[in-house]
Amino acid sequence: MQEMKIVVFTAHPADSIIGAGGTLARYAEEGHEVVDVCATLGQALRPDMNPDDVGRIREEERTKAANRLGYSDIRNMGYHDTELPYNREIVGKITQIIRGERPDIVMTYWWQNVHPDLRNLSKAVSDALILAAFYYPSKLPAWNVKKLYVFSSLNSINWDPEFYIDITEYIDKKRQALEELTLVDELIREWEGPSSRGLANQIISQNRHYGLYSSVPYAEAFREFFAVEIKSRALKYLPI
Amino acid sequence: MQEMKIVVFTAHPADSIIGAGGTLARYAEEGHEVVDVCATLGQALRPDMNPDDVGRIREEERTKAANRLGYSDIRNMGYHDTELPYNREIVGKITQIIRGERPDIVMTYWWQNVHPDLRNLSKAVSDALILAAFYYPSKLPAWNVKKLYVFSSLNSINWDPEFYIDITEYIDKKRQALEELTLVDELIREWEGPSSRGLANQIISQNRHYGLYSSVPYAEAFREFFAVEIKSRALKYLPI
Amino acid sequence: MQEMKIVVFTAHPADSIIGAGGTLARYAEEGHEVVDVCATLGQALRPDMNPDDVGRIREEERTKAANRLGYSDIRNMGYHDTELPYNREIVGKITQIIRGERPDIVMTYWWQNVHPDLRNLSKAVSDALILAAFYYPSKLPAWNVKKLYVFSSLNSINWDPEFYIDITEYIDKKRQALEELTLVDELIREWEGPSSRGLANQIISQNRHYGLYSSVPYAEAFREFFAVEIKSRALKYLPI
Amino acid sequence: MQEMKIVVFTAHPADSIIGAGGTLARYAEEGHEVVDVCATLGQALRPDMNPDDVGRIREEERTKAANRLGYSDIRNMGYHDTELPYNREIVGKITQIIRGERPDIVMTYWWQNVHPDLRNLSKAVSDALILAAFYYPSKLPAWNVKKLYVFSSLNSINWDPEFYIDITEYIDKKRQALEELTLVDELIREWEGPSSRGLANQIISQNRHYGLYSSVPYAEAFREFFAVEIKSRALKYLPI
Amino acid sequence: MQEMKIVVFTAHPADSIIGAGGTLARYAEEGHEVVDVCATLGQALRPDMNPDDVGRIREEERTKAANRLGYSDIRNMGYHDTELPYNREIVGKITQIIRGERPDIVMTYWWQNVHPDLRNLSKAVSDALILAAFYYPSKLPAWNVKKLYVFSSLNSINWDPEFYIDITEYIDKKRQALEELTLVDELIREWEGPSSRGLANQIISQNRHYGLYSSVPYAEAFREFFAVEIKSRALKYLPI
Amino acid sequence: MQEMKIVVFTAHPADSIIGAGGTLARYAEEGHEVVDVCATLGQALRPDMNPDDVGRIREEERTKAANRLGYSDIRNMGYHDTELPYNREIVGKITQIIRGERPDIVMTYWWQNVHPDLRNLSKAVSDALILAAFYYPSKLPAWNVKKLYVFSSLNSINWDPEFYIDITEYIDKKRQALEELTLVDELIREWEGPSSRGLANQIISQNRHYGLYSSVPYAEAFREFFAVEIKSRALKYLPI
C-alpha cells in the first residue's frame, strides 16, 4: 500500500485513541503519517477542578497515549471545552488544516451525538472537506480528501457500524495508551462506584464486543461519511 | 413487586443465559418463577461431532448453567437444530405452553436474525401470544401475556436496545453459568485462534459494553415487542 | 416511590399540557413537584392580533390550565415566539435552572420538529443536561439529571413513541385544562372550518389514539432521550 | 375522473371499514366500483364463543357496515381466522381475483404486522400483483394493477403514513358503519373496562388524530406499496 | 387544474433545473407561474477561477437554461456561495418572498445534505413557511403554503423518493437546459477524467434511473415536507 | 490479490449480469473464478409466450451474456419461475453447492424485494451459508464463506448501497452482455412505449447514476450481508 496521511479530528483530548487507537497504531506502524488534532483542551471534564489544570493534564496525557500508539504529531486548536462552536471560523480553520496537510483519509466522530461539542466538531469537519475542494479564499491550493471515516463516542446516537477493523495485534498498545488517561479513568470510577473497573477495561470491552460481530478478538468500528468530490470513492474490489 | 412468572423461549441451548442470564438471576433470586424453554438440542453446533452427542452434552451444560443462575425449570421442545420450522405446529405448541404456564412476561430473541432457527422461533413466539389470547382449539383457557421482551443474539441484525437492565450484582453468577458452556467456548476459541479468550470473556465484555451505555458496570439489553392484547402495556409511571 | 421533582421545558405556552398534561397531573396528585418552564410567551400565535396581548392572554391561560392539572409552579424565560435561539446563552440559562432545581426527570419535546423554536428549545435542553453535569462557570454545584423524557408536538417529524403512560384517571382534568386554552382553540376552529370540534377534542382524540396502542382508554406517549451521565439509566426491572 | 374499480383485501371482517371506510365511501358515492374481499370469517375473535357463530355474525355485520358506506360487493375467500396461510394456493386465488376483476387500485394492510393472518394476507396480495402481470397458468389474461395502497391495522408495526385522505364528509357514514360491528365493540369494551367508550369512538378518534396531521377534521392514512409493473406509477402532477 | 404559482428555492444556480427541471417545464407549459429563486451566485464552484466571474457566468447560464424550460422569472438573493447562513435574517427574507408571492407550492432541497449551503437553505425555507403563516412583523399579510416539495441534490444523504413525476415529454427541453450549464459540465468532466460524458448525460441518466422505478422512460423524484398549517394537505383522492 | 472464487446466485436468468456484471467482468479478467447459478429458467417473463420456450431462450441468452463478460460457468437449479420456494430443500441444495465450491465470496440479491422468487432466493442463500458452516448431513466438509455481498434488482425495497465498485473499464462489455438479453429488452420496450430506449440503456443509466454518487463514470452498488462465522469480516485497513 502506498504511504498515506491520516488526519483525525476530535473535540476532546484522546477521543481519537478511545475510538480509533488500534487502527491508528496499525497505520503508524506501517509507515503512514498520523496527525491527531484536538479542538479543545477538555477543560470541563471535572466540575470540581480548575479548568486550566484539567486542560494541561489532559494534553500531557494524550501526548503520552499517542506515543504508546506510535505517533507523535499532536495538535490543539485552542477552543474551550463545552464551548466548541459550529460557525464559519472553525470550519475555515479546519479547511486550512486540510489544505495544508493534504490527507488521504480524514477521521472524526459520527455526527449524531448528544454532546454539542462533538456534534459541532463533526459538522465542521464535514463542511471543511467541501470548502477545501471548492473555491476558498486561501493561498493553499484546493484539496480533495479521498475518504472521511467516522467512529463513535460514548454519547453517539443511532450508531450503526459499517466496517470493523481488526486491532487484535494492537490491543496491548491500546490498553497502555488508555492507561495514560488517568483523569477520565478517575471520573468513570467515580460514576460507576466501587464495582467499577475503570476506563481501559471499559474500552477494551467495547473492542471485544465489536470483535464479537466481526469474528476477531478485538475490533474498532467505523462508517464512511460522504465527502464532496471523492474521486476514488468507488472501489476497485469488494473489501475482503 | 408481586410474584411473577417469566417464560423464556430460545432456539439453541443456553441462548437465554447468554442474552438474559443476569436479568433472570435477579428475577429468580427475588422469588419470581423462571421457565426456560429451548426448542432444539443444539445438535448442529459442531460440524465435526455426532449431533446426538452434541445435543446431550449441551442439554446437560445448560441445566448446570441455569442452576448457577438460580433456576431449574428447564424444558426442551425436541426440534432439531438448523431444522426449526416456522409453521402452525410449532406456533400451536408454544400457544399451549403459554396457555398452560400463564406467564406475566415472555422473553425471546429479536426477530431480525440471519440464523433461520432464531428468526423462526422469534416469529413463532410472537404469533403464539396472539393465538393464546384469541380463540384457539384448546382446553386451556385464553391468556394475555402482559409484556413480550426480546434480547439479541450474535446473529441479530438491526439490533437497537430500548432498555438496559443493571446486572452488576449478578455478573459473577453469569460468568459461572457461561463457564459451564464448554462446547460453545471451544468453538469460539477455534474460530478466534490463539488470541481468543473464550465465551465467558466475550459475553461479559458485551455486558460491560452495554453498561457503558447505561452508566453501570454491567448491563443486559432488551426491547419490548408488541403482543396483541396487552392490557397493562401503558405504564403508570415513566421508568426511573 | 420516593418524592421526585419533574421540570418540563417548552417553547410555547401550554405545550406541556397538550403533550404531557395527564402524566403531570398524576405526578402532581401523588406529591411530586412539577416545574413548568416556558421559553416564550407564544406571542406569534395569531398573525391578526397584537403580539403583546397574545402573550399576556396565553400566560394567563396556561396558569389556569396548570392549576386544573394540580400544579402551580409556572415560569417563563422571556424569549419571543418565532425568535427562540439556539445559542450558548439559552443553553446557559437552562443549565442554571437545572443546577438550581436539581430535578430527577426533565421533559421536553422530541427534537425533530419543523418549527424552529421547538427544535432549538429541544436541543438547548439536551445540551444543558450535559453542561449541568460537567464543569460550568456557575456557583451552583453540578447536577446529573436521571432521565430526559420527550413528548411530541403537532409539528414533530419521525415521532415514534417508546412508552405509553395511562392517563385514563386524569383525562377529565386534562380536558378541563385544554378548555382554558381559548386562543389556540379559536385558531384550530378557524383552520378546520365549520366542521371543527376544537382543541380539547383534538388532543383527547390523540390520547385515545395512543390508548389504542397501549390497551387503555387514554394514554400519553414518550421517548427517553440520552443524557450524558445518567447513573440510574439501567433499570432494576423490566417495566411492567 | 374516469370510473375506477377498487378491490380491497383484508384478513378479518370489516378491517377494510376500520382502515379505509371513509375513503371507500367517497369512491362509492362518486360512482367507482368497490369490491371488498375478506380472506376469513373472523371466527377466532372471541375465545369464549363458538367459532362458526362468530363467523356468521361477523359476516352479517360487515355486510350491513358496507351498505352504510354505500357499496355492497362483499366477498369471502373461506379461510379460517388465525390459520390464514402464506402459500402458493392463496397467492394463486388472489391472482385469479385480480385477473378477473382487473382493478385500477388494490388496497390491503401494511405488511409489517404482529398478527400472522394480516402479515400473510398482505404478502399474498403483493405477490399476486406480480403473478397477475407475468405468466400464470390461467385462462384469464394478464393484468397490471396501477397502484397498491396499504392502510394500517391496530397491530401494525413501523407504520408511517404517506398520504392522508380527507374523510370529513364521510365521517358520519363511517361511524354508522362501525356501530354495526357489535362483536368487536364488545371485545374492546371488555378489554378496556368500565371507562371504555367502544369501537366507533376509538376509530373515529384515530381518524381525528390523522386529521390533526393533515389539517382537516378527519382523515384516513395510506402508503403506496410497490407493484411490479406499474405503468402509471409516475404521476403527471405533484399531489395537491 | 386551477392556475397555480410555484416558487422554487435553491442555494446554487440551476440546482432547480437539475433536480426539478422537467416538472417545472410541465407546469410552465400548462400556464402555471414558476418563480426560481437562488440564494447565491454559485461563485465558489471553481477553485481556480475568480469568484465574481464564476458568479456572473452562472447567472447568465441559468437564465438561458430556465428559458429553455419555458419560464423566465429568475431571482437571486445575493448570498455568497459556501457562506450561505442559517439565521433569522435569511429566514426573514424568504418569509417576505413567500408572503409577497403567495405560492401554492414551494420547492427546495431535501434537508439532509453534506453541503452546508444546501442544508442551511433547506432549513431556512422550511422555517419561513412557518413564519409566513403566523405573526411576523411585516406589512404583507400571513400566507399558508399548501405543499412543500423537496428534491435531491448530488450531496443529499438518506434520500428516499416518495413521488415520481413523469418528465418523458420534457426530457429534450431538460437536456437543452442542462447543456447551457457549461461551467458545471466542465467541472464534472475534469473530475471524471477522459471517460466522462458530462453533466447533461449524468442528470438524464439519473432521470432514466428514476423512470426505472416508476415505469416511465424519464422521471424526477420528490418528497413532501411538512409545512405548519397546510389546510389542504389531506387529499381528496389517492394519487393515480 | 490471491485468486478467489465468487459464486453468484439469482432467481431469474441474467439478473447477475444486470446487478453485478461489470464487477464480475473485472474478477474474471483478473483470473478469479466466477460461478453463476440461477435457480429458475425465468419461464414466466412473458405472459403471452409458452413458458418452456421462454426458459430455453433465456438460458441461451444468459450464456452468451456471461461469455461477453468473460466467464462461462453457468448453472441452473431447475426451479420454475414464480414458483421458487423458500424451504429446507432449496436451502439444502444451495448448502451443497457452497460446500462443493468453497467460494470466498457469495453474491445474491438484497433480501427486501416485492418479487417472492427474489425474496425467497435471497433468504435461502443467507440460510445456506449458516448450514454450510455448521453441522449438516452431507459428505462435503463444512465451509465458511468469507463475505456475502448483495446487489439490488428493479423490485428491491429500501435499497441503500454501502459500496460502489468502479466498472468504467468494463462498461462496454456490460453493454454487450445486456444486448444479448433480447426477451427482457422487448418487454421493457413494450412497457415503456414508443419513447423507450430499451434494457441496456436503462441499466447503463443506473450504473451512471451510481457513478454519480461515487465520482466515477460508471459504478455498481453493493451491500455486505452477514454470514454466520466470518473469520475475516474485520478488515485490516479501511477501504480506499
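A, B, C, D, E and F are the chain letters, set down in written order, and residue numbers restart from 1 in every chain.
The rule is simple: a contact is a pair of C-beta atoms (placed from the backbone, for glycine too) under 8 Å apart; a residue touches a chain by one contact, two chains touch by 3 or more.
Predicted, not measured: the structure shown is a model, and the values here were computed from it.
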Third chains touching both chain B and chain A: C, F
Chains in simultaneous contact with chain A and chain D: B, C, E, F
Rounded Å distance between chain B and chain F, as computed from the means of their C-alpha atoms: 36
Chain B, residues touching no fewer than two other chains: 191, 211, 213, 215-216, 229, 231
Chain-level touch network, classified as line, ring, star, complete or other: other
Of all residues in chain C, those that touch chain D in their complex: 154, 168, 191-193, 195-197, 201-202, 204-206, 208-209, 211-213, 215-217
Chain D contact footprint on chain F (complex, rising order): 43-49, 51, 54, 81-83, 114-116, 155, 157, 191
Contacting residues of chain A [partner chain E, same complex]: 88, 91, 123, 126-127, 130-131, 133-136, 141-142, 225-229, 231
In the complex, chain E residues that touch chain D: 1, 4, 23, 26, 104-105, 146-147, 149, 162-166, 211, 213-216, 219, 222, 224, 229-240
